[in-house]
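Dropping the structure in here first, questions after.
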Amino acid sequence: MIYFNTDYMAGAHPKVMERLVQTNAEQTVGYGSDDYTARAKELVKQACGAPDARVYFLVGGTQTNATVIDGVLAHHEGVLAADSGHINVHESGAIEATGHKILTLPSYEGKVKAEDVRGFISNFYSDDTYEHMVAPGMLYISFPTEYGTLYTLSELEDLSGACHDAGIPLFIDGARLGYGLAAEGNDVTLEDIARLSDVFYIGGTKVGALFGEAVVITNPDLLKHPVPLIKQHGALMAKGRLLGVQFETLFTDGLYHEIARGVVQKAIRLKDAFVAAGYKVEVDSPTNQQFFRLPNEVVDRLKENVGFEMWGPRGEKESVVRFVTGWTTTDDEIDQLISYIK
Amino acid sequence: MIYFNTDYMAGAHPKVMERLVQTNAEQTVGYGSDDYTARAKELVKQACGAPDARVYFLVGGTQTNATVIDGVLAHHEGVLAADSGHINVHESGAIEATGHKILTLPSYEGKVKAEDVRGFISNFYSDDTYEHMVAPGMLYISFPTEYGTLYTLSELEDLSGACHDAGIPLFIDGARLGYGLAAEGNDVTLEDIARLSDVFYIGGTKVGALFGEAVVITNPDLLKHPVPLIKQHGALMAKGRLLGVQFETLFTDGLYHEIARGVVQKAIRLKDAFVAAGYKVEVDSPTNQQFFRLPNEVVDRLKENVGFEMWGPRGEKESVVRFVTGWTTTDDEIDQLISYIK
Amino acid sequence: MIYFNTDYMAGAHPKVMERLVQTNAEQTVGYGSDDYTARAKELVKQACGAPDARVYFLVGGTQTNATVIDGVLAHHEGVLAADSGHINVHESGAIEATGHKILTLPSYEGKVKAEDVRGFISNFYSDDTYEHMVAPGMLYISFPTEYGTLYTLSELEDLSGACHDAGIPLFIDGARLGYGLAAEGNDVTLEDIARLSDVFYIGGTKVGALFGEAVVITNPDLLKHPVPLIKQHGALMAKGRLLGVQFETLFTDGLYHEIARGVVQKAIRLKDAFVAAGYKVEVDSPTNQQFFRLPNEVVDRLKENVGFEMWGPRGEKESVVRFVTGWTTTDDEIDQLISYIK
Amino acid sequence: MIYFNTDYMAGAHPKVMERLVQTNAEQTVGYGSDDYTARAKELVKQACGAPDARVYFLVGGTQTNATVIDGVLAHHEGVLAADSGHINVHESGAIEATGHKILTLPSYEGKVKAEDVRGFISNFYSDDTYEHMVAPGMLYISFPTEYGTLYTLSELEDLSGACHDAGIPLFIDGARLGYGLAAEGNDVTLEDIARLSDVFYIGGTKVGALFGEAVVITNPDLLKHPVPLIKQHGALMAKGRLLGVQFETLFTDGLYHEIARGVVQKAIRLKDAFVAAGYKVEVDSPTNQQFFRLPNEVVDRLKENVGFEMWGPRGEKESVVRFVTGWTTTDDEIDQLISYIK
């Protein structure tokens, strides 16, 4: 059996694991006040070209989204997001549980359009009853999106402009950020992400860490009391240095990007193989998530030897499926998969 | 100037006001434990044919919706509602502020379809990841809807069945309930509302009271601790008997329904006049809210002498407008309006 | 039977009721955008000597406390309050329901001491783990307190200084503010209240209004989006002008203070009578709430003809009781009470 | 430098780390649906003698407390706890952030008394205004407490009885549970904990795991939808099997208890040494946290070579300090410490 279900099926990249083992018996102060965490923060800031940013490490994505969004929004504000956004679909109402509405925008293969953001905001304030409605207080986007797609630099600049013209911050969910940055054709750098957003996070869980997400706050006016906010959200790790050790490793000698490049290359081999075999690409993703529309008999046959996910309900004749590569995916596994679809 | 902006522009129906004045100097215990409130509860239960129901009086609609919905839902649950529902649009996120997501259904002139309710629930539980999603925990509908439209008895029975088949309660927002019950062609009675829903409220604010909404809980398993819930929501009136006095008056000798009938008759005269004058009816409403699509020059001309609301943005040539009648609306005012549109 | 249970047993002062009746049939726009409300706001600001203040009218006290405190505090902050404070005891957890902890201070007959406020704050920030604790984000006091007692001007200045030295706002719950201002020996004016606090409210419900509390925001940095905040808390009245009409009346020709003076005078007659009859004063209150420690046989005897409240559990031989006067209390009723205790 | 600051300064016990390394490259399904987690659940249930219990693994203590308490309480309910309880002091208001008040009881070296629990509940319901107050909805205790102290079996039975007589559940915070069970003189077993409480957790983070807490729900009526609740609280780990692997290891061949015994033995050696050196024991703790009252010159001298925490503010002549042993503490380190205090 070979697995393409998702990118969090295995533990940590061997180098990350090795460092956790090496440092295991050391004693450090708790809650991220240790030297590993301090060095990791510096490395992350350097990688972002954002020396004045503030960096905090949290454990998982849903918790990070809820903590950041709750911390940024005022009481009467909601968060703009694609209706397909992870926060709107797959976080068990974690955002609403903090008291805030998700204001949905149309999703174009997971992406939102700056013109829709501008339109929403302009319609909102032109409505006489806007004080009885939930004000758009920030924009949430994911890069890559839940469909593996990417914003171009120009699109990102436009979105950033739409937010800043309206005086609201832009938050980028980078749970799979590495895979976006590593994608062929991508023209967005980590520095661009840092420069164009107000707060974003660099996902570790899905890109080589055992767990962990690095929140980078570039807007100095946001999230002025992050520690109690994170603690209150149950997201402050006692052994905070576990996160520091991991991100220090990932951001030393470009390991984070190296992992991502390898994973994306395998995803593209996989996509090319499906295309070569004559199957339909459902969403043209340049990252590590690939979506195909396969005949049901192919789906059923593959299921015997390969793990992958149905994407939506089974169709009458064809179904959409998702294949994801991760740091454990080998070229052998891709070859093996190719042998099944030829 | 004559006003058709909304149905809460004046105070209370004279009989209600009179009773408030008569009882003003009396001293009673607070928080709705007085005899007026007790009698009002009895009268409401009788009118609903629901002797075992529990009745509570709150001050306003948004507060009632938030209190009921927050009290009914479990943590992981959200409330199904039309995307046009008042709770989804015009309550400043009061529902989300209690921690719950609004799960939107398509709106058909303000109404939802039982098949959409069934479809949502069945899709939800057939999704493998449903435990990461917000479970549908109740259905919210309004009767009449925000567009003045009504469910037929058969539609209401179908919706009630869809809810109860799925084991979730049906909540009916009756902010303008009287106008629905009084509408020509309506085949739903107050007893039907009580029988088919699990909890609903009878709006007073918009139907002759100075303020006040009567929550009727017919499902004995719901809202087992209403008093602290209401208090916690800031909705427990110190001088609770003010609500008791008003609802006692409204439900004595059928005053509530009498008021509603008069208001609806005037709305229909108004609609007929617009139709006779050749204007387009935007939504065919049998209740006290009427929606027309008027040429902009008519809109502008009317605005000089008549108060009414734009419904959505001004169009290029035509715009949708709303006219609402209330207990103060007189036949003279309708005549006057008619003179302007002839 | 004569009643001294509380000060919200009757309706509104006749002049307030009269104005509600006079204006009843008028049509005005909703939600407090009407002219009555505008004039009432001006009158309140004049009375407070605070022309730049912002004024909003809410319906009841618990809802006002929850709305203001929720609006003022950041996520990681709590509200300092006497452990006897209304928000800590009798609001069904309405403050915590908004997500905030009440940080209790010792109560001295309902009052807090500036040295305790300073001590709490200084201890808090000298604790290494303060970022894991709830930061003191504002101070809540009541004037008069729940025991009818008052702060002197000097005490209030000291409390205000303690707050402002620490950079936190002072919020004064004035549910019975009129009675404090009218008390003999009181040296605090409404202008002082406005000058020394950042936000406070002038209670109407217990001082002659049918219902209603006037929130006065003097600190321009606080509560920048009051309307959606109030709406979200279910506290924005549809017929907002009802509040405007009432406060316009109360703050015309000094009616508010006139009502309060009469009510306090009767309370003092009542206190003097108990003292003259040899009974023990439990708390020496100069306002309309009076607390005595009476032999149980006296309690039982009085109960036959007089309404009043037990204050805490019945003692073995003696019990503490509370007597409250209100705008309906007459000198005859005081005489009658005196006849029972002689 | 030797460290006795706390028990979460190092990584995981070597056997736990070893298993994480061994299983690192394996691919499993996410969110705790894997076989490691299934086996860990079985082992925990066996160790608890509670075959029908439900077990869930969360990441950290504050998040576990907030998730369980939020999940158990109804809207109008609060949680009873010692005023020294971790949830009341050191969780940044995480409980209040879920909307619930902490109802404090007197702390006796970290413990609460059953008579105080009974007294609180009985006073509560004998108060006429109890519906305006926060109802006691559960009891939270810690075992060991924040002061390292333990309940006897008899005390625990009494507390359990007090809760169940009142119809409220008992929740035990076992962040350091192992150390309590391993203490000399302790007469409480893990089976007793499971039998007498309704829900509790077995702390991993502080007892040999890298991180992780095992929630054991023995009362079938509680927490009926744990997965979305945990997800909503941001506490559902993507790579859930990391928790499964760790708890499987800890509950194989009694490793959890073995670790705890060693750690407690060292703490007792440490305590005996302080006593032998003539220093005052501040709290007589039989577990891995030890509290002493030392002359300030001793505190200052020790600080040069030893890490430990001040417990409260520095006194004039003496200060209270805390020493904690952990799985990394060696007898050599204890010897070294002893050499400093002789």
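Order of writing sets the labels: A, B, C and D. Residues in every chain begin at 1.
Note that in this section a residue touches a chain if its C-beta (ideal position, glycine included) is under 8 Å from a C-beta of that chain, and two chains touch if they have at least 3 such contacts.
Bear in mind that the values here come from a model prediction, so they are computed numbers and not experimental data.
S.K.: Among the remaining chains, which ones contact both chain B and chain C?
M.R.: Of all the chains present, those in contact with both chain B and chain C are A, D.
S.K.: Between A-C and A-D, name the chain pair that shares the greater number of C-beta pairs in contact.
M.R.: Looking at A-C and A-D side by side, A-D shows more C-beta contacts.
S.K.: Can you give the whole-Å distance between the Cα centres of chain C and chain D?
M.R.: Here the centre of chain D sits 42 Å away from the centre of chain C.
S.K.: With chain centres defined as C-alpha means, what is the inter-centre distance between chain A and chain C in Å?
M.R.: 50
S.K.: Centroid from C-alpha atoms only, then distance chain A to chain D, rounded to Å. What do you get?
M.R.: Here the centre of chain D sits 33 Å away from the centre of chain A.
S.K.: Using the touch definition from the top, which residues of chain C touch two or more other chains?
M.R.: 75-76, 91-93, 97, 99, 131-134, 228-229, 231-232, 236
S.K.: Quick check on the complex: what are the chain A residues that touch chain D?
M.R.: 3, 5-6, 8-12, 14, 17, 20-21, 23-30, 59-64, 66-67, 91-94, 97, 205-206, 210-211, 228-229, 231-239, 242, 307, 328
S.K.: Spell out the part of chain A that touches chain B in their complex, as residue ranges.
M.R.: Its residues touching chain B are 75-76, 78, 89-93, 96-102, 123, 126, 128-129, 131-134, 310, 313.
S.K.: Could you list, by residue number, the parts of chain A that touch chain C in their complex?
M.R.: 31, 70-71, 74-76, 99, 131-135, 224-225, 227-229, 231-232, 236
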